[in-house]
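In the two assemblies presented below, chain A is common to both, partnered first by chain B and then by chain C.
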Partner chain A sequence: MATQASTSIPRLRALKRPNAAVPIAVLLLGLILFWLGENLVRTPADFYQNFVYGATNGLLYGLIAIGYSLVYGILELINFAHGDVFMLGSMMATTFVGVTILGLTAGSAWYVLWPGIIAALLISMAFCGTLNASIERVAYRRLRTAPRLAPLITAIGMSFILQNVGLVWKGPRPISTVDILPHGAIFTIGGVAYTWSEFFVVAVTLPTLALLVWLVQRTRHGKAMRATAQDREAAAMMGIDVDRTISFTFLLAGALAGVAGTVFALYNTNTSFLTGFRTGLIAFTAAVLGGIGNLPGAVLGAMLIGLLEGFSDGLAWHALGSQWTEAVIFAILIIILVLRPEGLLGERTPEGG
Partner chain B sequence: MSTAVATRTVLEVEGIDAFYGTIQALRGVSIEVHEGEVVTLIGANGAGKSSTLRAINGVLHPRRGKIRFEGEDITRADPHDIVKRGIAQSPEGRRLFPRMTVVENLEMGAFQRKDKAEIREDMDRVFELFPRLQERRDQKAGTMSGGEQQMCAIGRAMMARPKLLLLDEPSLGLAPIFVERIFEIVEQINKQGVSILLVEQNALMALDAADRGYVLETGRVVLADDAKALMGNEQVRKTYLGED
Partner chain C sequence: MRDGLWAGLARLGWTEERWNALQSWQRRAAKAAIVLVLGVVVLAPIYGFDLAAYLAFLVVAVIYVPDWSRVRYGNYFLPLAVLVLCFTYPYYLPHMPKLPIFTAFPTMTTAFTMTIFVMMALGLNIVVGYAGLLDLGYVAFYAIGAYTAAWLASPQADRYHWSFNLGGVGVPPGLGGIHVSIWLVLIAAACLAGIAGVIIGLPTLRLRGDYLAIVTLGFGEIVGVVATNGDCLFQGFTGHCVNITNGPQGINPIDPPGFGHWLHAHLGLPDNFLSASNSLDLFFWAGIVLVLFVVFCSRRLRDSKLGRAWVAIREDETAAAAMGVPLMRTKTWAYAIGAFMGGIAGAFLKSEQGGAFNTDFAFQFSIFVLCMVILGGMGSIWGVILGGAFLAYLNIEGIANIGGWYNNTFGKNTDLTKYSYGIYGVILVLVMLFRPAGLIPSARRAAEFELGVEDQPLMDARAT
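The block that comes next holds the complex of A and B.
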């Protein structure tokens, strides 16, 4: 009897809370849909352009957001240094494809260009993966049993250290990456071209995500990750090397940041030591929006935020304009944390179940 | 069941002290498990039964004392290494991976093994022992009933093909019909040559299934004897078998 009473109380609360939030959410959603629809009708070209721009950036944010979610899923730690790992990845890619090493240009022959881009991706992945795993080894491992605040502050500290590494390496001003992606149109909707450089982002991101899902769901290492995330001590009792599994998780998250960094540098053709801070925070917001620890949620949240950013930046009719975009994104973070802290798809299910 | 005088010693725990922070959980605990034996640890809540298993499993490193498995010192070994050597545990509270399926949980039990064909065979054997698990093979472990979860936890430990199986409270919170079934299975597993160290609150069932037993009180071994003798011991009858 006693146990029944105690379980029924939180259940009632759980029922009550969405009831208060639902009308507000419906109203907001309705307004947003109306605004989007009105824009689509009035200036379709603007709408398409910003849709493409937002979806492309959303995919990139997704790659980074997954890095936050993977690490959170296994350690319940927000790895604030993750965005800066991404930033260093973008610098690595810039250095590698540019005059410093490969000297690729838009005029390079395809059989030089594409192997060069693939090599840049792989090198950036290896670099960021190793960097991220080293950060865990040096800064977080010894704090694993410490109070939550200690590794969190350490993560913020690591973020500043990496930012300064970027600053020392490339200087305070944004650096440009050689523009080597082809800009020809693949197809045109409503007068707006969908270019090969935008397709490049999709062509790299989607297979990477598919590979990640396969890795987490089907492989031995992936299953060890999920088991460790669900019950670290039980995982150790089953013979899983927990330290190695956590290292592997950081390696994987870092490699994804490396992919994102390379794609970002090539697509945006510039980067700076501050890029990681801003992009990292946006990706983190995306991960929280989707449900931190939840991998499909991270991608969903990132797509929504990318689109929102695109529309808020560039739509013609009653858009807030780019000076308000970040305010809107972080207002969303606050609204989610208040109304639905577990995110759209729910918290902490790295396997997406 | 055998009297274990002549057989080989599989596990030797020698005077271990273990702590949680500053609280001492074990005070000079010494126990032995011989090949093919079922040994039980009985005692009240907080007597140190689970802590002893955790120390053997490498999750809780003792400050003093030695643990030897098949003659080799494993006192400071990592849990994954200890599993590899042949000790598997079905932990207290079952500790299944709730969002993994039954099959995936069983696979995790065999994590240290590389022999795929034999792993499949062992999984079939677990399904033979627990037909219920076969029916639920693709169900998330967290959604099953307590009894089914307990079967899964024991099955998962079996998947490591252990030489020594540690069972922590396998009957806790189960309906009587499941309790009996679980003890039948423990006997069956033992007959296949696996030594078993069994921790139980249900002292009567445990002593009935065991060859020998240790009684723990506040982190110390206070009694050690044949299971039959312990069942006849007046103090044990009073304290743990609920007789006046």
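The block that comes next holds the complex of A and C.
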């Protein structure tokens, strides 16, 4: 989704001073590749394991990152509360498949298990979508014309409120989801099994993404969204109900967060009220890395961040270790924003220099 | 509701026009009278007739009602009165009446911490309120101030066999490490934080709005991670640990503030705040003096050339650049000065607490300070002081007090302090929705919110 800025820039870009980002990026990339290669040679099993783990989590981050991107594309607002909507979605799914409602277990028959999981997905999607849209209605809509900082600050406030909703709902400790996904291996590389539970993430995520792309590119709603993102006033003049389109965007973003929340709860089998904040920030980093407002970029960025997280957490040779992973991710965020604010695939926006 | 109120009053012969036609002191006197009547009717039967409460009301009324701006030098009256009330707080605190809901006035320890938070809020106000740069990583400067104090006034440096004493007080004999007088530590902490502000600012300040907020957030988070893992840095490069922050153990004890024996003997200044008989009062007074310094700087800066450049950038960056305001330099100064204040506050707070721990430096802290600025009113010094003092009070004892009152009244057993950040979140959202310019708005900010600033420039204006 292009922002208004992108059209008038080309002549100015030609005048830009030589880009310092390129050599630095090449050097960094080279170092990272060398480090990965060395690790692959030394401990192939670790490498494959973390690759699988990272790629799977990356897909999840992608779903959340797209939520950030959609909202940013249309309102130019960083919806800080998005990560916490995701967290509430994971709690919803945990509750729904848990003992009190469905009572699914690893031993449930397939004709109970899979409809249950699909129902959990749908419930969580509906819940998060409605939640996200109502947040927009209550908190952001009044601030459309306020200075840009106002909705951002409101979003931060909403994030804290949702965190506390999670805290009240499930308490301060991490809660665990019953482990219902099958763990049998599909195939094995280098002694590392690719299990059905990992495939489950792919099997949910990819169709969701395809559906989203179809929705944004091919339907009238999608067209309205793209138009509103480009120019809200002009879209309104063309007869697009801007308020409804924005609500719909939030609904869509929330539904994606719901999918991500369910898959996260089922795959990682635990969640806590703080999950949303951290995961949200990581996903946001991914969205920025890929180019915020750009949907394929969000997925690409998320895959990269997921892999990086996996490798940084799990590799042995000269890795910083998991306690530094967060710092590495934020360092990347800073470097990207400073050197290439438009992200890997994105277009230039007013915020970037 | 407002309209309904006026409709009711109009029946009694008091239309809004008639009310507005009154002199401003008459309106204030009427409001004070209403508060007094409500107090007597509602509160007095519950809490009993307390002479101190009436005295307190009288003092506030004397400050509030007359139109001081018409009196010669009257503009100085309000600040002076508030200052006197603050400085004498330790003396009349024991006689203060009980409060409804909040239960009690802040204790001296709380009052001291409130001054520190006010200082931080004023520092952040320079960045957010004046220059309009949203900084979500203010905790970084707090951390830098805190760890500067931790290095310059604690046994920490003894690990590397660096030991000397430059006016440090309260150091037991035989304890190694660097011990510098707290006043020098404050200067060092402020300068280091300021430099850190420049270092963080220079590459990032050409970003705008949201992006800047995110980058500062990233820096804040990295500082938190470094504080946690700082007990063993650079192991991969040097083969042994470089210990900067002592990790989760934290650095303690940090020396208390004080003026040392010599000044004590010759000028009568307190030797060591911690061991003095009126220790808490001393901390509080020192905090007030530091706040005064920050307020003075804020005011002078606001009206300076630099301050006007900040406002210009805040309102329209492109226009400001076109008018020849050097963007980078102006923004970097805002950052550095805001960081400077944060550094002072961090160092002094840690000197009082006696230790710096990694858990103090979480992202939430930045939001908390931001919340103070927003609640009080971005860009308004009085507002930020009020917001900072109120939220700091809520954080330290207010929420616990309210929770206690709630549990007593309704027979519940909820730990309200667990949800403090949820409460701050509600405050942020409500303020932004219903009073976006804050409790005591600065006139200029209020106008910006009223008019709705359409700041969507096509590109980043570049100037050097």
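Brief remarks on what is shown
Note that the second predicted complex is superposed on the first by the 327 of 353 C-alpha atoms of A that agree within 3 Å, B and C clash if a C-alpha of one lies under 4 Å from a C-alpha of the other, contacts with A are read in each partner's own complex, and residues count from 1 in each chain.
Just so it is clear, contacts are C-beta pairs under 8 Å (C-beta built on N, C-alpha and C of every residue); 3 or more make two chains touch, one makes a residue touch a chain.
Model, not experiment: these values are computed from the prediction.
When the two structures are aligned on the shared chain, A:224 is found in touch with chain B, with no touch to chain C. Look at A:104: by the touch rule set out above, it reaches neither chain B nor chain C.
Contact with chain C, but none with chain B, is seen for A:159 once the two complexes are overlaid on the shared chain.
For chain A, the partner that touches more of its residues is C, with chain B and chain C as the two candidates. For the contact definition in use here, the residues of chain A common to its chain B contact set and its chain C contact set are 351, 353.
The touching residues of chain A, when paired with chain B in their complex, are 220, 223-224, 226-227, 230-231, 233-242, 349, 351, 353.
Contact residues of chain C toward chain A in the complex are 128, 132, 134, 136, 203-204, 206-215, 217-219, 221-222, 225-226, 228-229, 236, 363, 367, 370, 374, 418-419, 421-422, 424-429, 432-433, 436, 448-449, 452-460, 462.
On chain B, the positions that touch chain A within their shared complex are 57-59, 78-80, 83-84, 88-89, 91, 95-100, 104, 107-109, 111-112, 140, 156, 160. By the touch criterion given at the top, residues 4-5, 8-9, 12, 76-78, 139, 142-143, 145-154, 156-161, 163-165, 167-168, 172, 277, 281, 284, 288, 318, 320, 323-324, 326-327, 330-331, 333-334, 337-338, 341, 348, 350-353 of chain A touch chain C in their complex.
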